[in-house]
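Look at the two complexes coming up: chain A is in both, with chain B in one and chain C in the other.
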Partner chain A sequence: MVQKMISKEKISDLIKELQKEFKVFGPVKEEGVVLFKEITDAKEICLDYSNSKIPAKSVLFPMIDTLFSYKKEGKGVKIIENPPYEKTVIFGIRPCDSMGFSLFKNFFSFGKYKDPHVLNRLKNITIIGMGCLEPRTTCFCTSVNGGPFNKESVDVLITEFKDNYYLESITDKGEALIKKIKSITDADKGDLAKIEKLQKDIESAIPVIEGLVSIYTKLDGLFDHPMWKMESQGCIGCGACTYLCPTCHCFDVLEENKQDGSGRRIRIWDTCQFPLFTLETSGHNPRTTKLPRVRQRIYHKFNYYPKNYNIIGCVGCGRCIINCPVSSDIRNIFLSVENMSFKTEG
Partner chain B sequence: MVINIIDDIEKSIRETAKKLLEEKKVDLIIGYTKGSIPLRSGPCFITDASQTDMLVWNQSCDLNLAKYLAKNDNRKIGIISKGCVGRAIVHLIVEKQLNKENITIIGIPCEGVLNRAKIMVEIGDKEIIEANIEDNKIIIKGKDFNKTLPLQDYINQLCITCHYKIPPIFDIIIGNKKPEKPPKDDFKDLNEIESKSSNDKIEYFKKELNRCIRCYACREACPMCYCSLCFIDQNKPVWFGKTADISDNFIFHMIRAFHVAGRCVSCGTCSSVCPIGIDLNFITRKLEKIVKERFDFESGINLAAPPPMGTHKFDDKQEFMIEED
Partner chain C sequence: MQLESPYIPVLTTIKSIVRENEVNDIKTFEFVFNDEEDYKKFDYVAGQFAELSVFGLGECPIGIASSPTEKGSIKFTVKKAGEVTAALHNLEVGDIVGIRGPLGNGWPVEEMKGKNIVIIGGGFAFSTLRSLTIFILHEDNRKNYGEITVIYGNRESGEVLYGDVLEEWEKRDDINVVLTIDREQEGWTRKVGFVAPIVKEVSPSPENAVAIVCGPPIMIKTTLDVLKELKFSDEQILLSLEMRMKCGIGKCGRCNVGNKFVCLDGPVFSQAELNKLPKEY
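Showing the complex of A and B:
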């Protein structure tokens, strides 16, 4: 482990240094909305944010992802592969959102077929996460095996302390990276203990939903419970909860043909909340109403994922609570499940 | 004080709902309830008279509850209706999408709802932990900040120009005082965008619509979007692109606008529910103006007035038609 620091005002120097070797994605604010974009000007980066509106999954799994392009040539078709993915740094992602990346890795590499697009990106991405000093009241990361300074899925973890950012390497990839950076200096050892205490204090202040990690065992018997009718009656069936979720990864594959004979095959975000998602070619739709669609989102995250992959399909970022047009709160569903309650530690 | 009037309305809503349920005049009350985060509300569906205290009424009640009514629903439903909910019900009856017999409209006067997106831009990315509306001010508290905003500046633009604070038809009306009628709508709020050059207009549209993530919250929250299969979802064959690319976004929002022309009741719900905070009101208002000017029609006001897009008159303006050579 290597511990370094940089003063806040010099952060652009660090970004500029990274840009020499990497494509750097970081949080930027556009029209009041924070999202992850490629940083072209180091000044654009917005680090004074609680969490981005659109999760950084958009870097790994873009809203429109070109799988390949093609062009008709005579009687044949020429396939044009994507250019190789460049070495990339995702800077300033919250630990909850980077936990989501682990899920993507699982999903896109499970079984016989490996998705080259997501996996190649993952291979080329170095994650410089930024600890969360001000978790929102809607956050519940500590209930789903995460935490505001969780180190599990970042290569480097940054913690803001007084006028500095402290960098700690977590993986070998992260260590190799920060050893190369000239604009950072060795960490002030005197502050390290204080930072550790700060991290613990912030983490323990987040309310814990007891038993959420093992909720899948309870859900096993609740598939036909009347609570799903209650929970789904207000849902309008939009995709806000899933599109803004750092773990939702469902997609649709389409082809775009131009009149000049060229085109591309693309993958776009899709969601289990839309009726069309499950409409089969035969015309049969196994999920015709809101109830099974609302239930599917919960079961996929809290029952199927834990059972199939031994991983919880939720990182507790609270975006689905904040952004739901009808103020549906996923935590109420947890509370509806018997014997569960909120508890604040510390 | 505004807050007192609102408190009284809330109390009366609860009492009225309780009475209707107890007397079995309705099977279900559809109203607003508190959201789990400040400045938010959600719908609530009450069948038990002991639960009517869940009902709330305040400036965060932005959904158009008419969305939850359906023609094939045989339950007797009491619906808490601000002006635009009432207008949506009227227009849906005109379009033969609802049966009035089963619906009890509980009218309430509305002073307008908050433009939450505007508040969020003002607050930045900070979390609002507590918010109260007092003396025409929005008092916001966060972890290490306090902010007081003038209420009037953060009311949805469509509410400021709204002429119909109470539903055009109702079975019960709550609130003693009829709200004052605002001055005649001169559509002055559109001056700014209308005076832009074509290029500037397209740039403005692009800037707004480029941010759309295609979650369809606008469509799903709209009481007038009831098609069983939306044009954008047509896939046998595909009619339009479904990506979040600007050209596809533009097509989606513009064609949806055409489809709600002369039908939109200016409730502003499409903008209120947008998770990204895209202001779709600029489209809605323009539609309202065009329909008013060309057809002297306002949707959802008169049960007997045929909607302009569903009728034809020989003196309908058609100067846009290009004559064949």
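Showing the complex of A and C:
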């Protein structure tokens, strides 16, 4: 482990240094909204934010992603594969969103078929996470194996302390990277213990939903429970909860053509909250109403994910709670499930 | 090294097109692979499916109608239903079609060895049953299976698929072929009646048997009732599920029934397996 520091005002020097070798994505404020974008000007980076409106999964799994391109020539067709992915740094991602990256890695590499787009990008990405000093009231990362300073899914973890950013390497990849950076200096040893305490204090202040990690065993018997009628009544089916979720990965596949016979097959973010998602050509639809669609979202994350991949399909970022136009709160669903209650530690 | 992409189809050329029914909305397409290597890699079992690509329009998942024992090409029977299937119907011999596959699990032909096989199909859902029956009847495989009964129903005689192979099967003495249509029709000399009552009439024994059922939902439902009456257990009944699919490889997330993906864990499930899943299909 290597520990380094940089003063806040010099952060753009660090970004500039990274840009020499990597494409750098980071939080940028646009029209009042923070998004993860490629940093073109180091001054653009906005580190004074709670979390981005759209999760950084958009870097790993873009809203529109080319699967391949083609060119029709006479009767023939030529298939053109994507160019290799560039070396990339994701700077300032919150630990919950980087947990989402681990989940993507797990899911897209699972089984016989590997997704080359997500996995090749991941191979080329170095994640510099930034701990959460002020978790939101909607955050519940500590209930799903995460935390505001979770080190599991980052290569480097940054913690803001007084006038400095402290960098700690977590992986070999992260260590190799920060050893090379000239604009950072060795960490002030006197502050390290204080930082550790600060991290612990912040983490323990987040309310814990007891038993959420093992909720899937309880869900097994609740598929036909009347609670789903209650929980789905208010839903307007807008799909915001899924589009803005750092773990939702469902996609549609479309074709995009030009008149000259060239085109590309793309995938775009899709959502289980839309009736068209499962509508078959015959007209049959296994999920015609809101109830099975709302239930599908919960079961996919909290029952099917643990069963199939031994992970929970949720990182507790709370975006689905903040952005729901009818104020539906996923935590109420957890509470509806028998024997669960909120408990605040510390 | 970059990973190989399971989303990229291989190129094939249409070798023949057979019009399968009178209204001409079902055609069987025969494809040959443009690259011999791609054909070698296309190692399939009956009951699997593939994604057919019409470049510029997209893909659709279709069950493989040919048997792995029919060498040199692969066949798909396609009903004109949506955009891609309509585009396929407009293609001609010599046109290029992309194929991704084989996908899904297919019929458990290894586990079915030594058993009596009862194949029950209705309408155009017969394609993977054609594949299965031809596979089992092949001289290399026939000895591995017991009695074979095929019960195939249609609404009318003009809808019966694969007339040529059905005739061949009828001539053989190692397979019992029962064809039926819903109502009397001039010139029709086989059975008349819905599939379920015909199954009851034929009354196949459940002893050491496997029943395979493919068809429209109402036919499946009524046939399952009859099979239950005949004392077939849920483990002995195999079904092939359909759900809307896109990627075909368990990633796009839309064809799940409970925690199973129809494209990856299916499309073939036993009734016993389905009993454990939510009734959401």
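As a convention for this text, the second predicted complex is superposed on the first by the 345 of 346 C-alpha atoms of A that agree within 3 Å, B and C clash if a C-alpha of one lies under 4 Å from a C-alpha of the other, contacts with A are read in each partner's own complex, and residues count from 1 in each chain.
We take it that contacts are C-beta pairs under 8 Å (C-beta built on N, C-alpha and C of every residue); 3 or more make two chains touch, one makes a residue touch a chain.
Just so you know, these numbers come straight off a predicted model, no measurement behind them.
In the superposition on chain A, contact is made by A:Gly263 with chain C only, not with chain B. When both complexes are overlaid on chain A, the residue A:Leu254 reaches chain B and chain C alike. By the touch criterion defined above, A:Cys238 reaches chain B but does not reach chain C. In the superposition on chain A, A:Lys301 makes contact with neither chain B nor chain C. In the overlay built on the shared chain, the residue A:Tyr49 is in contact with chain B alone; chain C does not reach it. Within the superposed three-chain model, A:Leu67 lies in touch with chain C and out of touch with chain B [touch as defined at top].
In the superposed model, A:Val33 makes contact with chain B only, not with chain C.
Residue contacts after overlaying the shared chain place A:Arg293 against neither chain B nor chain C. On chain A, the surface touched by chain B in one complex and the surface touched by chain C in the other have residues 252, 254 in common.
Remark: chain B residues 35-37, 40-45, 63, 67-68, 117, 120-121, 124-127, 129, 143, 207, 211, 213-217, 219-221, 233, 235, 238, 241-245, 272-273, 275-277 touch chain A in the complex.
Residues 29-34, 46, 48-50, 53-54, 63-64, 134, 136-138, 233-234, 236-240, 243-244, 252, 254, 256, 266, 268-269, 271, 274, 276, 321-329, 331-332 of chain A are the ones touching chain B in the complex. Of all the residues in chain C, the ones that touch chain A in their complex are 2-9, 11, 55-59, 81-82, 85, 94-96, 98, 217, 242-244, 246-247, 249-254, 256-259, 264, 278, 280-281.
Residues of chain A touching chain C in their complex: 67-68, 70, 72, 75-77, 79, 81, 84, 107-108, 111-117, 119-120, 223, 249-255, 257, 263, 265, 267, 270, 272, 277-282, 284, 286-287, 292, 296, 299-300, 303-304, 307-308.
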